[in-house]
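What follows is a set of notes on a single structure, which appears directly below.
As written, the chain order gives the labels A, B, C and D, with residue 1 at the start of each chain.
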Amino acid sequence: MTADISASHSAGGVAPDVLLGLYEQMAVIRGTERAAHDLFLAGLVKGTTHLAAGHEAVAVGASAALRPDDYVFATYRGHHHAMARGASPAECLAELMSKGSGVNKAKGGSMHLTKASAGMLGSYAIVGAHLPIAAGAAWSALLRGTGQVAVAFFGDGATNIGAFHEALNLSAVWSLPVLFVCENNLYMEYTPIGSVTAVDHPAADRAPAYRLPAEVIDGNDVVAVADAVGRAAARARAGEGPTVLEAMTYRHFGHSRTDPAKYRPAGELDEWLARDPLEVASARLAVLGVQAEEIAAADERAARVVAEAVAAAKAGPGPDPAEALSDVWADGGATWRT
Amino acid sequence: MTADISASHSAGGVAPDVLLGLYEQMAVIRGTERAAHDLFLAGLVKGTTHLAAGHEAVAVGASAALRPDDYVFATYRGHHHAMARGASPAECLAELMSKGSGVNKAKGGSMHLTKASAGMLGSYAIVGAHLPIAAGAAWSALLRGTGQVAVAFFGDGATNIGAFHEALNLSAVWSLPVLFVCENNLYMEYTPIGSVTAVDHPAADRAPAYRLPAEVIDGNDVVAVADAVGRAAARARAGEGPTVLEAMTYRHFGHSRTDPAKYRPAGELDEWLARDPLEVASARLAVLGVQAEEIAAADERAARVVAEAVAAAKAGPGPDPAEALSDVWADGGATWRT
Amino acid sequence: MADVITYREAVAEGIAREMRRDRSVVCLGEDIGAAGGVFKTTEGLFAEFGGERVWDTPISEQAIVGIALGAAMTGMRPIAEIMFSDFLACCWDYLANEIPKMRYMTGGQVTVPLVVRTANGGGLGFGAQHSQSVENWALAIPGLKIAAPSTPADVIGMMAAAIRSDDPVVFFEHKGLMASKGETAPPGHVVPLGRAAVARQGSDATVVALASTVPLALEAAGQLAVEGPSIEVIDLRCLVPLDMATVLASVGRTSRLLIVEENPYQGGWGGTVASIVADEGFELLDAPIRRIAAACVPLPFADALEDEVIPTTAKVTAALRMLLAY
Amino acid sequence: MADVITYREAVAEGIAREMRRDRSVVCLGEDIGAAGGVFKTTEGLFAEFGGERVWDTPISEQAIVGIALGAAMTGMRPIAEIMFSDFLACCWDYLANEIPKMRYMTGGQVTVPLVVRTANGGGLGFGAQHSQSVENWALAIPGLKIAAPSTPADVIGMMAAAIRSDDPVVFFEHKGLMASKGETAPPGHVVPLGRAAVARQGSDATVVALASTVPLALEAAGQLAVEGPSIEVIDLRCLVPLDMATVLASVGRTSRLLIVEENPYQGGWGGTVASIVADEGFELLDAPIRRIAAACVPLPFADALEDEVIPTTAKVTAALRMLLAY
C-alpha cells in the first residue's frame, strides 16, 4: 500500500481503491475504539484507556506513506497507530482485556501497545519521553545505513516538556531521519493547550527554534496526512533531516476512561464531527467516483472485523501467572540475585 | 548605584563617576578571579573552579540595573555574580579555600556561591536547573506584589537542556517578571556551542518559540548590558513578562581548573582580549573625559581590595567539623530518625 | 460518631484548611484548577481560592517543581502536584539535587518550605509507568521529609504538618486508598511528621507497614487473631523522619519483625528499617527479619499479574505464619 | 609482571576493545570526542574510531540516554556517557521508567543492549551536586544491571560484559579511583556481571564493599591483621545481579558482617544486603549487622567536612573493632 499511495500522489491524486482501503482501515480503528469504550463501560477493560476515535487519519495516513521497515513510536493514546502498523484489532482488544493473547501478553495494557515485528516500537505513557527514543531509532538507521525513518507521534501537550526540546535540537544537529508528528487535538487532558502554551501552534511554531521545516496539516484528512508524511519521509531519507508536522485533529471521546469532557465549549465537538476523518475520506471517495454502496460495503467489512475481534479477544485465555516474573532480562527471566 | 545608572541612562548617557565605579567593580572581580586561579595552582583551592574572567561586564552591568531586592541566580561559573551582588571577595575566596569564614561556610564551594541577604540566591552546578527556580522567584514576586524581578544567568550550553524550554514556556504563559540572560561565551566546556546547537544564537533565536522578546547584546560592554537589563527589568516590572538577553562574551581562562583550552582556534583569545570588558569600559571612560590617572587609581584600589581579600581568606579559620552535620533542616540539624 | 470522609476528599480538605489560615500557601500542577485534578484531590480549591492561588500548568514537571522551589525560597509556601509519582522521574533533578541540598550547600542561608504532592502506588491496573510506589526513591535523598499517610484523618493532619514545615516534604497519596473512608479530623488537627502510629496492638510479632500496606497488615492481623496470635501493626506514616524508636520498642515486646512494602524488594525502604533493627535491635530478635515487598520486576498491567507482584493480604498472612512458627 | 594501567585508562581500553570487535558499539556523550571526556575516560577513542562511532552531544541528558535507548532497540549497542552520576537525575525518567521496563512491558518484544557509563562518587571536593554515589538509585529500579568496579582489570572485564550484555547496564566509574593503578587485563578478559570477588580472605569478620569502599576495607583489614584479626573483604562488583551467595557463604564462615557503602545510610544499598542476611543468614550471625555509610546529609565541599560525612579507613577500622569485640 505504501508504494501505491506515493505512486498515486506523484500521479497527482490518490487512486480510488487505495483511498477506499485507507477508509476501511480507519473504519476498523473507529469500530475497535468504540468497542474498547463499550468494553470499558462493561467492566471488561481494567485500568484506563485513551481512545483515538477522531485521530484515525493521522495514523492511517502516516502508515500509508511509510515503509514497512520504518519505525513508529506512539503515546498512551496509541491504539490507532498500533493497528495502522499492523497489530490486529483482536490482539489489541485482548491486551486491553488483560488476556494472555494480548499483543503485549497483558503486561503492557492500553497505554503500551507494541508491535515490534511491524516496526511499531511502542506506546509511551510518560508524556514526551519517546521523542528522544524515536530520534535514537533514526540515529540507528543512519548508522546502519538502511534508509529507514522513525516517526514520533505525540500530543500538543507534549510540546512543553523538556524531552521535546532536547529531541528536536539533537535530531536537527545530527540531521536524523526522524519525523515529529504532533496530533494537536486542542487539549492536554482537561486543559486547553492554548492556555498553557506560549505559541498558537505548539509544535510547528517551535520548529524554527531548531531550524527545522514545519507544516500545519489537516489531521482529519487521510490524504493530506499521507502526503505530508510522504514528503517529510522522503526528505529524511535523502539526508535532509527531521521535519515537524502538526496535524490538527480532535478526539471524539473524553481524555480517558469515562471522562465526559465537560470542559469543552458547547458545539465544539459537533464542529469537529462534521469533519470526522471518515466523512472527509467519504467525501473524497465520492469525488473520485466511488459509489456509496462500495463505501457501505467497506463499513460492513470493518464492522465484521471488529465484531470478530471482540469475540476473539473475549475468548482469549487469561494471562499465565508465571508471566509476572518473566521478560525482565533478555534471558527471559527476572532473577536479580543469587 | 542602581538608581544612578538608570537616571544617567534616561539622561542619554552614563555619568562618568558611575561608570568609573562599575569599572572598579569589574577590576575587583578580575583581580579576584586571577587570585583564585593562582590559589588553585598553589593547591590552596580544592575541588574545582570555573573562572569568569572576561564575563565581568555581564554581572556588573546587570547588577547596576537591578534593585537591591531583586533576585539573581547564577551557574557554577558565578563568582562574578556573587561579587557584583555584594558578596565580598574575601568571603568568596574563603569559600574556595574551604574556610569556615566562606560565604557558604565551606559547605558549598566555588560552584555554589550564595549570598541570600543580597538577593543572590545561589550558584547552580546542574546546567539549566536554575532557570525554573528563577522563574519561581519571579512568580513569588508576582504573588506578593513586590515589583521585584528575578534574573537567571546561564551559559550558551544550557540552552539545549529541557529545563530551559520548560522555564521559558511557563514564564511566558504566566507573564512572569523574570529575565533570562545567556552568557554566550561560544563554548560548552570544550565543545563549540555551534556544533551542538541548531541555531546561531542559542538563546535569542529560541525566544520566538515562547513568543518572548529577545536581544543579542555586547556582553563585554558594561553599559550595553546595564542598558538592556534595565529595559527588560522595567518591562517585567510593568507586567509585560520575561525577556531573553543573549550577551556575547568570552572566558579568558579555560573551562575549569587547569584546562589549557587547546580546543580554541589560534588568535581567538587575542581577538577577545582586545575587547576585554575592562578595556571597553576604559575606552568609554576616556570618551567621557575621565583621566587615565583616575582609572589607574581605580585599578590600584581594586588591587588593594583583592590583596586584602586574599590575606583575609588565607587567615580564615578552617571549617568547624560539626558543620558537616548541620543545616540539613530548618531547625539547624540533620536528624533523620529517632 | 465523627463525620466520615474519603481519603481523596481528605487531601483537598487538608489543603483547604491550610490555605484558609495562611495566604502564602499556593498550589500548582497539571489540571488541578477548575478540573479538580485527575484524582479529584484538589476538588473545590479553585472554586474557593481562585486562580490567584490555584494555578494550572503545562506538562512541564521540571518547571512545576523548579518554580515551586524558587517560590519557596522567596517567601511562599507552594504545594506542587506531580500527577503520578512515576513522573517524579521527569523532575528528579529537583528532588534529588536542588530541593534537598539547597539549605545545606548554602550554609543555611535558604529555607525551602514546600510540599510536592503525588499520587503513588499500584493495584489499579495502570501498568508499569503509572503504578509505582516510590517513597524509597525519596528515601535515598537526604534532605527530604517523606509523608505517606494511610487514613483520611492522617492525610489531613499530616498535610497540615507538611505545609507548615519549613523543610521540603514529599507527600505520597496512595491511589489504592483514594476511595477508602474514615473519620475526618477535628479542626486544627496536626499530626507531627516522624511519629509512627501503632495501628493495632499485639504481642507475638510486629508488622511495619506504610500507606497501602497498612490495611493489608491490619487485615492479616485480624485474620490471624481468630486463630490466636496477636500481631502488632505499626503504621510508619513517614519515612523521614523515621520513627525507629516506635519500631524498636515494638520489636522489644514481640521479638519478631515483618516489614511490608509496596516498592520492589531491591532498594526498598524496608532494607533501611531491617538493617537498623539487625544492628541496634539484634538482641531483641527471636527470628529472622522478613520483608514482603513487590517482586523485582516492573509492574504488569493485568490484575492477575499485578497481584503476583505486589503484596497481598495472603502473602502477609503466610509470612506471619512462618515467622510465628520459627 | 603484567602491565600496569590506571583505572581511568582502563575505561577507555575496555571500551576500545569492544569497539574493535563489534561495529555496532557506538559512544555518545558530552565532550567525549576529540576532548576525550572530562575524566579522560574516552581518550583515544575518537582518534581510533572517528566521528562515526564517537559522537559529541549537546548538554541534553534526556536526549543522550533516550537516543541510546532508541538505538539499542533497533540493532545498535550504544554506550552513553553521563558525565557525573549526579546528572542521572536529569534523565531519570529514562533510567527509571523507560529503559528498565521496555522489555517487560512489551511482553518481551524489545531488547535493550545499552550501557550508561557515569563518573560516580565523592572524596574530591566537588560539592553536593558532583560527588554523590548513586548506585543505590539504580538499585531501586528493577530491570537495570548495575556494575561498579574497583580495579582497572575489573573495569576492563566488566566493561566487556556490560557491552556484550543484551540487558541495560549502568556502569559506575568511581572518580576517586580514576588515578589508581593496577594490573591490566589479558586480551579477551570478561568478568561476568553478578559475581562478587573475595578481595581478601579472612575468618573473623566479613566486610562487604563496593567500588571506592573496597580499598578502604582492604586497608582496614590490613591494619587489623597486624593486631591479629583476620578480615574477609568481599568486593560486590555488581549490585544487580547481586551475589548474595558469596556474601552468605562468607558470613557463614565469619559470623560477623560489616557493610561499607559510600551512599547515605538512608536508602543505601547496604540495607538490601543487610536485610537479606538478617533473613536468610539470621542463624549464621554472632553479632549485629553493621553498616558504615555516608551520613544522611548532602555532600559538603571542604575536604575536612567531606571526611566527616563519607566512609574512611578509620571509620571502618573502628566499626570492625566493635564488631569483633561483640
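As a convention for this text, contacts are C-beta pairs under 8 Å (C-beta built on N, C-alpha and C of every residue); 3 or more make two chains touch, one makes a residue touch a chain.
Here the structure is a predicted model, which is why all the values come from computation and not from measurement.
Remark: among chain pairs A-C and B-C, B-C carries the greater number of C-beta contacts. Using the average of C-alpha coordinates as each chain's centre, B ends up farthest from chain A. Remark: chain A and chain C have CA centroids separated by 36 Å (rounded to whole angstrom). Separation between the centroids of chain C and chain D, computed from CA atoms only, is 30 Å.
Chain centres here are Cα averages; for chain A and chain D they lie 40 Å apart. Among the residues of chain D, those touching two or more other chains are numbered 57-58, 60-62, 86-87, 89-90, 93, 97, 104-105, 127-129, 142-143, 240, 242, 266, 295-298, 300-301. Residues of chain A in contact with two or more other chains: 104, 106-108, 112, 124, 126, 129, 160-163, 166, 169-170, 173, 195-197, 323, 328, 334, 336-337. Interface residues of chain B facing chain C in the complex, by the touch rule stated above, are 71, 73, 102-108, 112, 114-117, 121-122, 124, 126, 129, 131-141, 143-144, 150, 162-163, 166-167, 169-170, 173-174, 323, 326-330, 332, 334-338.
Looking at the complex, you find that chain D touches chain B at residues 30-31, 33-35, 38, 56-62, 86-87, 89-90, 124-130, 266, 295-298, 300-306, 308-309. Interface of chain A with chain C (complex): residues 46-48, 95, 98, 104, 106-109, 111-112, 124-129, 157-158, 160-162, 188-191, 195-197, 263, 318-319, 321, 323-325, 328, 334, 336-337. Chain C makes touch with chain D in their complex at residues 86-87, 89-90, 92-93, 95-97, 100-101, 104-105, 127-129, 134, 136-137, 139-143, 240, 242, 259, 263-275, 277-280, 282-283, 285, 287-291, 295-298, 300-301. The touching residues of chain D, when paired with chain A in their complex, are 26, 52, 55, 57-58, 60-63, 65-76, 78, 93-94, 97-98, 102-111, 113, 142-143, 165-167, 194, 240-246, 276.
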